[in-house]
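First chain written, first letter: the chains are A, B, C and D, and each begins at residue 1.
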Amino acid sequence: MKATTLAMALMVGDPHSDRVVPPTGFTAQLTSFTSAAMAFLACFALALSVSSGRLADRWAQELSQSLTIRISAPGDQLAVQTQAALAVLETTPGIEEARPLDADEQRALLAPWFGQSLPIEELPVPQLIDVIEASDADLDVDGLRLRLQAEAPGAVIDDHSRWRRPLVQAAQRLRGLSALSLILITGAMAAMVTLAAHAALSANRSVIEVLRQVGARDDYIAKAFVRRFTLRALGGAAVGTIAGMIAVALMPSSEATAGFLTDLGFRGLGWLLPATIPILAGIVAFAATRFAALRTLRTMA
Amino acid sequence: MKATTLAMALMVGDPHSDRVVPPTGFTAQLTSFTSAAMAFLACFALALSVSSGRLADRWAQELSQSLTIRISAPGDQLAVQTQAALAVLETTPGIEEARPLDADEQRALLAPWFGQSLPIEELPVPQLIDVIEASDADLDVDGLRLRLQAEAPGAVIDDHSRWRRPLVQAAQRLRGLSALSLILITGAMAAMVTLAAHAALSANRSVIEVLRQVGARDDYIAKAFVRRFTLRALGGAAVGTIAGMIAVALMPSSEATAGFLTDLGFRGLGWLLPATIPILAGIVAFAATRFAALRTLRTMA
Amino acid sequence: MIELDKVAYSYGGGELLSDISLTVQPGSFHFLTGPSGAGKTTFLKLMYGDLLATAGQVRLSGVDTRTMSRDQIALARRKIGVVPQNSQFLDHLSVADNVALPLQVAGRDATEAQADLEQLLSWVGLSSHRDAFPPELSGGERQRVALARAVMMSPDVILADEPTGNIDWEMSQRILKLLVELNKMGKTVMIATHDLTMIRASKAQVQARVLRIANRRLQLAGADL
Amino acid sequence: MIELDKVAYSYGGGELLSDISLTVQPGSFHFLTGPSGAGKTTFLKLMYGDLLATAGQVRLSGVDTRTMSRDQIALARRKIGVVPQNSQFLDHLSVADNVALPLQVAGRDATEAQADLEQLLSWVGLSSHRDAFPPELSGGERQRVALARAVMMSPDVILADEPTGNIDWEMSQRILKLLVELNKMGKTVMIATHDLTMIRASKAQVQARVLRIANRRLQLAGADL
């Protein structure tokens, strides 16, 4: 409640209480610079987090959630083993559909190798079964392989899309890492602004004593410092964020080899995301300085 | 020369000049904390850089540096187009060797599909050419494709190993990014320590005046501050680095899905790498504080 | 009215001031003397709530300072002009702004009081220094700025701690005259000083009580000066 | 020996001090008076190289302060004990450590001088405050600690700026006596003060010259005191 009122007064400004705090000083510069540097780093971490998140999503979608089972067996065995394999697949959890391909489909698959005119019926072509995984369950491929070996010894699982799975995990991990560093950066900034505010307050001990002596209330004194520091942090973070956004935008993005981190950055409305950084910095600075100021003023009774 | 002597004096310690600087203060805490936080972030960035570098190298090795060309053509055309393709390949820069596969090799390749008994001579099986790239040159695959189209219209390049190339690039890019943030973090730390030193010096203006008055030389005063700050930065960075190394070591590494960032961290002697962080921080703090101190002392003449 | 009722004060060691009772009537004029380290500054700080009595009561307008909130003490101070022994200023503001600071802190418009400000500065002989900054002042000039600042709000009470410690005889007389004049306008004045010649000089101008702190107690001096 | 040769000083505005020549002989005793803001403190600062003359020469042992390096000035100061008007201390060190600070800065062993230290503290009446910290001192106590610090190194010259501004009469006499005694040991003493009663009291004890700064010039006063 009180904090809200203060935050409002902050925006409106109070030229009176403003002037009583010395205008410059290295702690002030330190606050601005720290906010700027941390905002810059935060911008990078955010971009990395967003990009790797986007990548993880895209790759996850591209995981075709399917595999192929190839059954090679002497002519008479082929149909029997196919039926056995289908029976096994039917009782395997995590499988939505298992469907043997017909001759035309198999021919289409082999066309690039042998042309359209392949007499597929006359050749010992293996039977293919297209398996679609359930999207919500996790298929135990190794278990399936063992069971198939028992029931249909000619069956081979072609796990062609699986190689991408660790990449998705990696991208998700990268997103987690960047989010973690985002939190670390924010925390570090909060601590630094708090310490800088403390340092400024103790460097300005005589200013506080003078103000006390002429009848200034704690709130008046705190407000002057808080406003100064919040604006510094806000300004610094804004500059740092803009610099960070420019740096991210300037990252060479080689569309030719379109791939992984080559599209590091924000997209569309995503560019609004970093705008939260200075706002967050301002809020953190406001809370940190106010806490520091009121605490210092109480101990300086 | 002088700086070296000073750096040595720093290590040996001078309890005399030490006591004249007030022992605590928020700027001191700020310096320690900033160094610690930045060292922690630097440790992460370093780990990411090392891991992605290692990954890029591994993947680059795994790139088999080879591709296959498949020529499908009516029986009589096949040999002609194969010769044409080989001629093209011979004049293409970046190719070390191009060799058509013989019947046995082709049969072995097709075995999983059709079994060993395939009458390969009777089927319209395409001719395969195995191409080995030169390791030092970069092959222009698109250019090669165009030229082959003109000379041997039935030729198709099977670029099977190429999908990994963008991943290698991505890993290299990630290494570059982490190295960049490492530089940014170091720069930010240097600036923060310099500003904190400036802030401490101007907060201790009266201390400096007193020391001046009783006949202290600039060097004596500077040394006291420099030592204080260098040790703070060194200590803070050491704590931050150790915390960062622990955090990196604790990162869950799922060997099962062994892959990309799942082995984030250092290996073997690589664990010595982060030890450079506090040393670097100490050197930066030493230089920054000494610069700040002597400058401030000169302006306070 | 400021009342001290069996007040004692200790900084942690033994008692510095013991069992001190005094009623400072509005419009009265007091000198406070005593050897260096006797507790004069401490006594004045008790009177404006900068220190709180460790025993007994200090009452400002009837309210015990120990029961006052921090805001209440701040408000009470706006009616008490203090000239500290070691005066401090806002070094980034001009002399004129420093003198006007109490008005600004109280949220009042300093431009209204412009005439008062100029008159006050001329009285303490600092008209030519109105735009100087405090670090550029001499020791005596600082004391005079502090006096002007204390008087600026037209407070009911003026507490001055060694206001002429660094000031030459002629200027001291001017300042004494200013304080006497303010006293004649009804303001309460208390001056801590070790300058006995100043106390003697005041006798012709004002009916002053001379208090003396010695051996932790407050005594009435006067006849022996 | 300190020589001033047609010295002038200006803070940037008009000249504050003009055409001042003076030779301070070793072992001499000077008082420096003048109205507040006349330039007494400025004059003393010129004498120990804290300010550099804007015209003319100030020579310490024959060397112009303007040609001295910063290190040379620092070394010269070790032979000049200064009691500033507004004395400052290292607030985190005890009174005893502050008094011993000049020794420490000069790299000398303070334990050797332990006896001197205790004697000095007892002379200025602060033996009981030897372990106190400067912010806990009264105004007069601070001035006495500053005096003890200035004297500690046994300097050739003692420059004291209003050393008794906040000190009662009895203690002032003690301090004057200390300075006279040091002067008898051959040390040069210069005291800036506005306290004419102190100057008068000194006449019985020492042959002192009284200088007066007025209208930018240095005059010899004396007969009229």
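As a working rule, a contact is a pair of C-beta atoms (placed from the backbone, for glycine too) under 8 Å apart; a residue touches a chain by one contact, two chains touch by 3 or more.
In this text, all values refer to a predicted model and were calculated from it rather than measured experimentally.
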Tell me which chains count as touching both chain A and chain B. none
Chain at maximum distance from chain B, centres defined as averaged CA atoms: C
CA centroids of chain A and chain D: separation to the nearest Å works out as 68
Would you kindly tell me how far, in whole Å, the mean C-alpha position of chain C lies from that of chain A? 63
Take the average of all CA coordinates in chain C, do the same for chain D, and state the distance between these two points in whole angstrom. 29
Interface hub residues of chain C, defined as touching at least two other chains: none
Touching two or more other chains - residue numbers and ranges from chain A: none
Are the chains arranged, by touching, as a line, ring, star, complete graph, or other? ring
Chain pairs that touch, as defined at the top of this document: A-B, A-C, B-D, C-D
Which residues of chain B touch chain A in their complex? 25-27, 29-30, 33-34, 37-38, 40-41, 44, 48, 70, 72, 112-115, 117-118, 123-126, 156, 165-167, 169-170, 173-174, 177, 181, 184-185, 188, 191-192, 195-196, 198-199, 202-203, 254, 257-262, 264
For the chain A and chain C complex, residues of the former touching the latter: 16, 19-20, 22-23, 206-207, 209-220, 301
Chain D - residues contacting chain C, complex: 11, 33-37, 40-41, 85-86, 125, 136, 138-141, 144, 161-162, 165-171, 194, 196-197
In the complex of these two chains, what residues of chain D are touching chain B? 50, 70-71, 74-78, 82, 84, 88-93, 97, 101-102, 104-107, 149, 153
